[in-house]
């Protein structure tokens, strides 16, 4: 190898956009269009150094198809495989859906802000999740369970379009067993469904939060989070105790390609999780 | 799909054959391409008997006769994916210039015996007759866009085709804006990128052969076009060169014509 | 004048033909020398090998949506104001390869980037352009992110600045905290007088270069002329932006104001302004694949907030579907959110977006209209 | 005993057409080339258009030979305005023009006609047998395209040509950079011509009237007078008096005939036979080596004329690039005025004639376009009348192929044929 | 008349009835009774007359509308302490516009709507209280309906 080739190689390695290979170790089918991919970095060093917080995301890159921002859905306190729950709706994710155990995929990350899991100790936690929005909240749920006694009342309201769209249905009993109140609701019920019907924000009326001592975390379709927010604000939960996870067209993950700007924020770097206090100036600005 | 190779057909409607030639002009990739797919019908290159059905069908040309109307419906039935290539197929093409004239008058000009001429009133894009899965614009189509479309289909991904205005491509290539620097009328701001900004590259204005760009703004553009052209006729004719029959360019031409009437 | 002690901030005088020697010195040291060239009725930044490549005796006339380059019979190399070309095409090229991958036995292997980027010497960098490069530095070389290719090119870059003695009507650097006189950020800075260049040294590299030239100490007469001409130039640039420092707050507090619609009415959404802007940096990443999908190259390409796909969502739709929303994004980013993101405004007042907007949108006027409306 | 040779769609043609030959008692009773290219009315919609748009619009008559259409149109209009272009512009036009000869000829020789002579159904299957040959052909073709692209932005419907010159000068260095490739091409076509000369051409000779452009200074392609093997040299203006398109009773297609009502041939054989003396030394040397000096009266051997012309084109392009010296403005000043102008050029497949009348506003009053394929159509049918009895003893499939091959050897460009009529297909009992 | 203390206690435990005086509870208890529903038992059907307003005490009760082309559409599942059948106490009393079915074994309080309305008419203070509670139930249901209309999660193929 010539000198210049070595330099070029170094250039490749330094670049923040470069691939970082991981192997798919396990695939769990969650719904008809959603699966959880469990990944392990090929490089031992990377594996060892890789730490993430609840609510952060990775950029998954599949050569030929491109890159997509996918939130991490596994337990940050657990060593080992990293879980990504992916809904197959776009160009990249549909290609990901065709992958098998043993295939490689590149992972850049972790990127972005996290749920205030530590800061919320001693407080009541209310979580509103919709659809795939439960995925980035699951790491936080695990961490709460890991330290359940540090938190007050914990409530999760989770909704999806129909029963077959619900994620992680096998874990609900486990969560409930840790003194978590879990309400599960669907927009469209079938005959077998004996649970709640209706969108999640509607169920805020069942909660009696003590606003000063409550944090509200929400992730789901933006419109859903807005209604959750309105309900939270109506119940006097302070602006800086309401956390919403936003999503935009994220490309670089490091706030430099410009795509995911929302007002002065780069969603990928300053978000995806914001307090309402942060978002308030841009709230209800159409097409921002 | 035999041997896993998609069966590809190329059909010609009213056109100059240039888009088919664009495929043959993929000199560096042609052998690779015919290795990756099975070309079962491509009259300009080969004809195989009994070639139906097709996985991927490319259609060049516009629809100008009743026979073509019937043929495209049949081809659609025989095709998995139908891709229209070139601005005849996507916009009606240059022969759509007849759409603004009385077709019988045109026949009289060109032919001694008009009774033998079978033609429709208008030259129309393929999508006016059947569902089209992908449209590749240009007069001629850019050969690399054809390759990109085939690659994307083979790889089961979305083809990477620009939808933005030519201005972005032109500037990225370092070309000098002919409107700003030389006062030349240019359809670049309302035309889809993809050609390599070849007209501004030689110092002339774009004549819109890649068709309208997405989200362009006619209200903002018409005043500029009028200012850079010497007459409404020139402005209208620029719009009505290759892609004049697209709703966007046609609307632009109408806006200019109406403005002219209002001014009189 | 070998006994003359050269140091940073020394100003010397060289004859105009001596600029050729400087080009030789630079190319001799392995630098690719880039400068303005008159081409296609504009100035384009391209490789220059001789001062005869420079736009000698040209001047420009420019206003919103109009740039005219013509010969005026003068004897200056740097009188004509730059065209749409910006140095960013060398610093962050329109398309760069990030990495290549080749599929071997069903496994993707990296192909090292083999493009060698030359060492550049930019000749004739305007003060506003130095300001723009500094802004790009803050965006692309940060604590938490370094664009390695940019940094590599930047580290090796030699900047030969030129003071702006003939600002155009579209220039407004002084309104955004700039000046037609380059204060720092260069290796050498030229001021073109009738018969000579005054050369101010800005770095050790600058000292080394000048040492190889025939130079003389700048006499006080020349320095006085330089001073006068700079004052004239500064006066010529109209201070057009009202309450520039108030803009961030004003713009961000009025995001839903109807005045945005009025400003956007003229906008084509073509993206020319972002392309010619020396600070705009947004980019996209694209995979370029071979036919069989066994090779791919990941490219970084210029993007624009006016591109319909800029805010596209994976499942369809986009966050900014209208011209108004896209123009608002551009203006608020340049003049407001940039401050929060990168510690200063994103505009250097070079006027390119005004000149090269086919729709003749004058950002100075538009900002004033917005300010009036928001009051 | 009756028999029909019917080809619904002849492959490897530019544009689409079919062929019907009806035979009764060993003799052809009806021969029809069925051109189902729909009418596109170029002459019609050019009426009223600005003269400026004519080159871009007429280019779209044919994707295979846009440059001759552009050039004929441009030259005709320049004549109407009385514009003379300087040498360097002429050189650049000629380079562009000849580059298209390379592209089109290589396409025809290797991809359209060679499969007939080598027993292949297409270049795709030929590539299986002789990949190097096909690769060489593709590279030659690409070089032609690259030259066109360098001058015109793209090879199909290039955008640089305009009335009075060019939109901009092509950078000389950019063309010089192509010279190594062009020199390779010169070598390659020499080699491939030797191979082509060994191909099994059918024995078939016809006594043609050849008609082509003739330029006293050079092997005429871009402009000149008109030369005929029957009547000698005439001016372009005299073309329409001597060669007419008209309706004839036995067919519904527009055919061109000479003033004696006889079909005539345009194309590579016509040029080659009429203007051989003006070919360059390299071309002549190869022709002599291969024993194909005129007269060459076998239409199938048009392929060899194309090969020699390709060599000539490579040779000339190299010389012209070296001589190219762009200076000053890339277009001459002129005044728009009412007038009439005509121009004949040589498209790769034959003589192409354009004539325009322009009014004082610069708008087209009327346009006349006579493409080469329209002129050859009657000739092709005549040839088929002569060929059919010779092939009748062959197997049906083989006979069909021979007839198809004859049509293909003319390299008819059916898209070009702006005003063919649709024929009704009749079966005879 | 016997006052069912136990019933009053149940009523008082319903947050919905907060701030109501004992006197009024006693009055309401007069026309309130406990109702047990087995799984899948219908409480009322679309088209029934509006006679009672209910409070779910235990279990879950589904409110469903039938649409000829889309079949049975569930619009709400009432759980403990939710109010069902609120339209019975609005000024315009129609027939039932939805069917209500217990999806698990459930216990409800059923309150005679006509009598409750009469009571409200006679006692403006109580009437105001009850009506503002009813209006907040309506507001909640309206918001829910609106959001359902928005179809948050987008269209997907669901195994419905």
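Things to note:
Each chain carries a letter (A, B, C, D and E) given by its place in the written order, and its residues are counted from 1.
Operating definition for what follows: contacts are C-beta pairs under 8 Å (C-beta built on N, C-alpha and C of every residue); 3 or more make two chains touch, one makes a residue touch a chain.
Quick caveat, the model's predicted, so the values are computed rather than measured.
Annotation of chain D and chain E: not jointly contacted by any chain, touch as defined at the top.
The chains in contact with chain A and with chain B alike are C. When every chain is represented by the mean of its C-alpha atoms, the one lying closest to the mean of all protein C-alpha atoms is B. When chain centres are set by their Cα atoms, the one at the greatest distance from chain B is E. The chain with its Cα centroid farthest from the Cα centroid of chain A is D.
Centre-to-centre separation between chain C and chain E, using Cα means, comes to 68 Å. One inter-chain figure worth recording: chain B and chain C are separated by 37 Å, centre to centre, where each centre is the mean of the chain's CA atoms. With each centre defined as the average position of its C-alpha atoms, the distance from chain A to chain D rounds to 65 Å. One simple way to say how far apart two chains are is to compare their mean CA positions; for chain B and chain D this gives 25 Å.
Among all residues of chain A, those that touch two or more other chains are 64-65, 91. Multi-chain contact residues of chain C (touching two or more other chains): 40, 286-287, 289, 293, 315, 321. The set of chain E residues touching two or more other chains comprises 154.
Chains touching one another form the pairs A-B, A-C, A-E, B-C, B-D.
Those residues of chain C that touch chain B in the complex are listed here as 39-42, 44, 65-69, 83-85, 89, 94-95, 265-272, 275-276, 286-293, 301-302, 304, 306-309, 321, 323, 355-360. Chain A meets chain E in the complex at residues 32-33, 130-131, 159-162, 164-165, 185, 187-191, 193-199, 201-202, 205-206, 220-221, 223-224, 227.
Against chain B, the residues of chain D that register as touching in their complex are 9-16, 36-45, 47, 49-50, 53, 56-57, 60-64, 66, 107, 111, 121-125, 127, 131, 134-135, 138-139, 141-142, 145, 152-157, 159-160, 162, 166-168, 246-247, 252, 254, 366, 413, 415, 418-419, 421-422.
Against chain D, the residues of chain B that register as touching in their complex are 12-22, 24-25, 27-28, 30-31, 34, 39, 43-48, 64-65, 67-68, 93-95, 97-98, 100-101, 103, 105-107, 109-113, 116-119, 123, 139-140, 195-196, 198-199, 201-204, 207, 209, 233-234, 237, 241-242. Taken in their complex, chain B has these residues touching chain C: 29, 32-33, 36, 147, 150-151, 154-155, 160, 163-165, 167-168, 171-183, 186, 188-190, 203, 213-217, 219-221, 224.
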